[in-house]
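Before anything else, here is the set of structures, which you'll find just below.
Across the two complexes that follow, subunit A remains constant while its partner is subunit B and subsequently subunit C.
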Partner chain A sequence: MDRKQIEQSVIAALAAVLKCEVGADTSRQNTPQWDSLKHIEIIFSVEDELGIEFSEKEMAGLDSVAEIVSRAMTLHAA
Partner chain B sequence: MDAIQNMTQTDRDPLGKSIDCAMRLYDAQATLFAPCVSRLALSALDLPPVPDRKKRVNVWRNHAFEPLLPLIEPYCTYRGWQAAFYAGGYDDTLVFDNRQDADIELLWLDSSRFLANTAFEDWLPWLGMRLRMLRAGTVAPIILATWGLRSAHAVALQTLADSLPAVYFADMGAACAEAEVPLLDSRSAALAGTPVGKAAQLVLARKIACHWLPAAVFPPVKAIALDLDNTLHCGVLGEDGIQGVQLTAGHAAFQGYLKSLQQRGVFLALVSRNERPDVEELFAQRQDYLLRWEDFSAIEVSWDDKSEALKRVAKGLRIAPDSILFVDDNPGELATVSMQLPQLHTVLAHPDASLTQQVIHFYPGLWRWKAESEDAKRIQDLKANVQRDVLAQSSSTPEDYFRSLQVELIFRNNPREQLSRLAELCAKTNQLNLALRRFNQAEVAGLLERDNACVASVQLTDRFSDSGVIAVVIAERVGQQLVVEELCVSCRAMGRQLESTIIVLALRGMPIFNGCREVAFRVRHGPRNQPALDWLARFLERSEVPPPGLHSLPAQRLLDFVAVEGISLSIG
Partner chain C sequence: MRHNIILAGLAFRLRPIADADAPLVLELRGDATRNQHIHATSQIIEDQLAWFARYYERPGDYYFVIERLDTGVPDGVISIYDIDDKSACGEWGRWIVKPGSLAAVESAWLIYRCAFEQLGLERVYCRTVADNQQVVSFHDSCGITDRRLLPGQFEIGGKHVDAVEHQVTRQAWSEFGPRLKRLAELTARRVQRG
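On to the complex of A and B.
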């Protein structure tokens, strides 16, 4: 998967969970729906869709589409 | 406690007053009941809103329950109800602070938090003490959802739950082992506040919404009515012929699964648009079919309207349509039937029969906390009715009939060992149920312990079958009056001219009947208890149905009552 495909998957996951419009610049700061409960759903959904596992330490801090995509790219490449 | 879920409400019926709603539910089956559920697909489901049919669940927890909420909700919506969860803060001490009445009390416990510092042998009695304290404060069913660190722990937790009325052990470890997913994941503990892993959350959410909660509060599904073509086999009998229809591996497994349900006491009915001789011939010739013609307790094969056929099935099985789950591969047929019979449960049969099996396996109301021996008697008892009818026609008098049938009634007072069956009768009996009090297991357990109350059960046997416990009568002594607070006679025993004998002898045999001057029957009118009202009107020698309230008569009337002749009476 290239970056574009991963970004599309992440955006689709966020849109399904948050039930709102999501773009490449969506973050926890600019999206009130993205609360701590939704964050759990987002992280686990992205993991399932991309077949990856974020580390215990990094999961809580992945609070924007850009950060999730970057980290997913690294894990996918590994 | 705080509500931890926002509810939407509409007055629409999700089971299908509109075809659109019904179709959306059938479309969702593949996502909801996939062997491995996708979290994202679950989030993306667009299900029709549910009516205001809400059950309050108090959650007492020492780890997070919230991550499961969005996973539970679609399953409740599918079944047409809302679970309103209320949870306080994390509490390892289980003080049950600020408790409000609820339909279900759920203990959501991370056992490892206790067992890190305490031996299991020390924790178990403490947990039992806390459960007893909660039991004393509420009559709602209590679900203990936790896990043992070893298999012996799970056995001990089950034994503890079994020792208390209406307390059920939801073994989270066993549920995840069955689904072959790990229960625990340290990553989840860090992110979600619960050690329950992400795959386990999906498994447990479905288990909670489809098995554990419905089995505690909903009336059970008693029968599965099955279409034939493209449901029990692949193909159309009328077009492909007896040897042309295919029993795929999935359909063979599905038939085996249905047979196991039948052996557990779930009625099977066949409802098919076909020529009856063709279908009989199919079952006679196809020896590879696991289901046999005689496995069906009701058979409706004709070109008639299926909703009419299902009404006849309900009548023949002596159950209400809301106890029947109808499975058909034609969504239009299902939607039409659910418009005609909105109480009926419907499931779409998929070309992949393993998915149909999975949907039925998880259909709320079918799974039970424990298999009751009474359930297994139901099917044999219904079959025996045919033999009883033959005997009735050849008997010259009712006394002859009872003698040749070798009818025996066994009366028991306060039979604690029958607690779950007695509560089941209170919950399930709709027709000959006079007071409709619907006492649950905890309430019946409380009545069993009271000196001024008595719970009587009646078992019915004859030469053809043991019908099991078919009646419960609960009365309370108030001064010189005996107040009958609950009176339920199962439909298994109805129509045999035994109703008055069962009821009067049960009341007369109660220790609290001695010395009372009056007997008062509590009456409530419900949608289906006309037979109970008619019985009381006859017994009171009134021409009209008694209105709601208390209806008394001298106790002497009961003392003067003469039981029908030809039956054997005993005290168990």
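On to the complex of A and C.
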């Protein structure tokens, strides 16, 4: 998968959980409904979709589409 | 009040707060990234100890530290207080979780278990500053539909601010509790793996 495909998967996962419009610039800071509970749902949804697994330490820092895509790219390439 | 309730979950546990936790409370409540929506707290340790001394004598007030089961490291604090024995109702709050911690979902699950299973309450409510949108959203995301706006409920920084109150009955808890537990289980597996 290339970056574009991963980004599309991440955006789709976020949109499904948050039930709102999501774009490449979506982050926890600009999306009030991205709360701690939804964050867990988002991370597990992205993992299922991409067949990857983030570590506990990584999970909390994945607070934007860009961060999730970057880390997913690294894990996907590994 | 002094109590001895310890509630172990899947990756975290609630245990009674003690004087030794005063620095933790100051650290959590003094964190500028998290304290815009809570009452100001003195950063003097003696003031916190004096607050604890009054808390130990206050009936119907259960203050906990949220700590990891694997290491015992504290990840936050949470409380149930203002318990009215007549109506079997109380408020939960004073909820602060360290940045980067995954304790939010499980600590909420545990405090509801404490309320309904340990203390035998019939109803609990949580009041959140309305501008604290991500915490308001957290309660909404739990599936709590009984909510109302309380205009000017809190005075913070000399200003009256609105609150959103989420109410949970024993019946509502039986409906959304299993989902919180499932999410806590998924999160716990990751915490245990590191």
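Just so it is clear, the second predicted complex is superposed on the first by the 78 of 78 C-alpha atoms of A that agree within 3 Å, B and C clash if a C-alpha of one lies under 4 Å from a C-alpha of the other, contacts with A are read in each partner's own complex, and residues count from 1 in each chain.
What we mean here is this: a contact is a pair of C-beta atoms (placed from the backbone, for glycine too) under 8 Å apart; a residue touches a chain by one contact, two chains touch by 3 or more.
Note that the structure is predicted; figures quoted are calculated from it, not measured.
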Quiz item: Of the two partner chains, subunit B (first) and subunit C (second), which one does A:Ala16 touch, if any: first, second, both, or neither?
Solution: first
Quiz item: Where does A:Glu49 make contact in the superposed view: on subunit B (first), on subunit C (second), on both, or on neither?
Solution: first
Quiz item: Just subunit B (first), just subunit C (second), both, or neither: which does A:Ala77 touch?
Solution: neither
Quiz prompt | Touching partner for A:Met59 - first (subunit B), second (subunit C), both, neither | solution = both
Quiz prompt | Partner chain in contact with A:Pro32 - subunit B first, subunit C second, else both or neither | solution = second
Practice problem: Figure out whether A:Glu41 sits in contact with subunit B (first) or subunit C (second), or with both, or with neither. | Solution: both
Self-check item: Interface residues of subunit A shared between complexes with subunit B and subunit C
Solution: 37, 40-41, 44, 54-57, 59-60
Quiz item: What part of subunit A is in contact with subunit B in the complex they form?
Solution: 12-13, 16-17, 37, 39-41, 43-45, 47-49, 53-57, 59-60
Quiz prompt | For the subunit C and subunit A complex, residues of the former touching the latter | solution = 97, 99-102, 104-105, 133-138, 140-142, 183, 186-187, 190-191, 193-194
Self-check item: Contacting residues of subunit B [partner subunit A, same complex]
Solution: 38-40, 43-44, 66-67, 69-70, 186-187, 190-192, 198, 201
Quiz item: Which of the residues in subunit A end up touching subunit C in this complex?
Solution: 28, 32-38, 40-41, 44, 54-57, 59-61
